[in-house]
Amino acid sequence: MRFWKYSTPQNFYPAAKKIAAVFFVLALCFGIPGLYIGFFVAPTDHQQGEAYRIIFIHVPAAWMSMFIYVVMAFWAAVGLILNTRLSSMLAQALAPTGALMTFLALWTGAFWGRPTWGTWWVWDARLTSELVLLFLYVGFIALRASIEDPRRADKASAILAIVGVVNVPIIYFSVKWWNTLHQGASVSLTKAPSMASDMLLGMLLMALSFWMYSIAVSMLRVRKIIRDRERNSGWLNN
Amino acid sequence: MSSRSLFLAVLLREFKISLTQKTDIATIFFFFLIVASLFPFAVGPDTGSLRTVGPGVVWVAALLSSLLALHRMFEGDFIDGSLEQFLLSGEPLVLIVVSKIFAHWLFTTLPIVILSPFVGMQFGISSEASWIMALTLLIGTPVLSLIGSVGAALTLGVRSGAALTALLILPLYIPVLIFGVGGTVAALQGVETTGHFSILLAFLCLSLALCPLATSAALKIALE
Amino acid sequence: MLELKSVTTTRGYKKLFEDLNFSLEEGEALLVNGVNGSGKTTLLRILCGFSRPDAGEVHWANKDIRALGHDYSRLVNYLGHFDALKGNLTAEENLIASLSVMGIDSDVATIREALRKQDLHSKLSVPVSRLSAGQRKRVALARLRISRERPIWILDEPFVSLDKSSTELLSAALSEHVSNGGFLIYTTHQEIGLDVRPKILTIN
């Protein structure tokens, strides 16, 4: 099958460059109108004023942070089960982007929280789960980094990612339960008081843009990983 | 060999080894006591505030002690080559792992669980609630050992393995901590605690079913 | 028959060996040669089934050992650089503990007899950590003796730190194992005479 041709690093390496270029363009195509709608078209919120506009970054980042973790765990698991190097490399390449998205979601959450709640941080269920997710990403990256042999690192981090993906829902629901018990924040981040259709469209475009961007940078990172790991196998120099 | 005799053989082996490392076990025990004793200095000796933080303090102290003991679980067997012999035993590694985790919990964490109600009473928790807290620990700490075993196995032979284990494992401890402390707090407030215990038991079943598989896979990877 | 089929393996970023083949019949010994770091230990660990090669397979009786799983592990005696002995336990306690986990039937009398054969009867109640390197090795060899029914012996530098009489004892045991139809794969830096001429595999 033609598709399988791309499952080896040699064949994927040149393809990744083209994929990255296409998806960078797509990210811009979605991102520019998304930002325009976010900043100029979407109406000013009657409660939160202009401050709410950060959700056009915050919400897509939060979505992507969770989505990337699942995709990362998927590729890591494929690499573990089928012993395919490229899948593990994809997982490795996704981790920093996922961590970045998580960090972005937390940071913009704090910026939103300041004018909305009057404080940088509340132990809100979503924010807390996002923080735990950041720890999971850091754990994945740290475990990879501390194992020298790349194949062993692939396998060990795959197990960690699988354990993490099983735990994420458990952690999320535990935190949610804990939060309602302790009567947390009264304003929920994702339930913006009036969700106009313009806002929804802007958010959707931004989410697509983030998605395309994540694919593009992961492709570039995969190329770097391939360069590092295959440097002794000869084909790279031809 | 039957599963039961293998389980017992490993348990006996771990027991003999533990007997030669009594100081390690005592260290973990006193670590628990000292961590718990630090909190009155941090929050003040006022009984009211101590009672509020008490369940959380005892649980966190127990959790940290269990974490402190984790790296011992497989490290010795990894370094001296015993793990290789386990792999060649022709017996299921999962079963050996379950037995080792159980032994580890039995010798390092059970003493803490037994001591915990007395520490709870030091924090002004009523004796009844203290015993319920001990019960949450009795069900919850095996879950910690099971989850922890995955981290201990993943970080074998890795530089700064103990610190890395903490980084990998502590976030996964959060649900157990929430429901363990939640059950104790409910008991303190005189609210029904069945729900907490059901969830803790569910965690125990789930981790018993899944963690040993992940741990033995991780051990095999470490030996490659 | 034990076969290595076009095995390729890397360590870190370095290729250790490529397309390596050999086969070993009943009653044959294989000496693996090569300079330090050439991958002798890695090869032995692949044969034990610990490590998975990047490409190629190991076959036992025409079946992939990965598919055989425990049915293969049960046939292997491995003695590596680490002797799997607990320093705080005595030789006897060590053997009881590890043999029981390995599922090998043995009573105290058998274990004492094996230790006596290794000239360790005066050290029965001494913790292993207080034994010399050679004596520790002999404890591990006593374990090998008890589990000698396993047909495939994979020994990584078994002669290191043994004195002259222990070396002779071990080479006699190895010769006996091979002439009884066993399989032997080993590495060594010393000139050791076995009764059978080993096949030689050199990795570079």
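Annotations
By written order: A, B and C. Residues from 1 in each chain.
Here is the rule we go by: contacts are C-beta pairs under 8 Å (C-beta built on N, C-alpha and C of every residue); 3 or more make two chains touch, one makes a residue touch a chain.
Please read these numbers as outputs of a predicted model, since none were measured by experiment.
Relative to the C-alpha centre of chain A, the farthest chain centre belongs to C. The chain occupying the central position, as judged from C-alpha centroids, is B.
Chain A and chain B, compared by their mean Cα positions, are separated by 32 Å.
Chain B and chain C have Cα centroids lying 36 Å from one another. A straight line joining the Cα centres of chain A and chain C is 48 Å long. Listed for chain C are residues 52, each touching two or more other chains. Within chain A, contacts with two or more other chains are made by residues 151. Among all residues of chain B, those that touch two or more other chains are 224.
Looking at the complex, you find that chain B touches chain A at residues 150, 154-155, 158-160, 164, 167-168, 170-172, 174-175, 178-179, 182, 203, 210, 214, 217-218, 221-222, 224.
Residue ranges on chain B touching chain C, taken from their complex, read 1, 6, 9-10, 12-13, 16-17, 20-21, 76, 79-82, 84-92, 96, 220, 223-224. Chain A makes touch with chain C in their complex at residues 83, 148-151, 229, 231-233.
Remark: chain A residues 132, 135-136, 138-139, 142-143, 146-147, 151-152, 155-156, 159-160, 162-164, 166-167, 170-171, 174-175, 177-178, 181 touch chain B in the complex. Considering their complex, residues 10-15, 52, 54 of chain C touch chain A.
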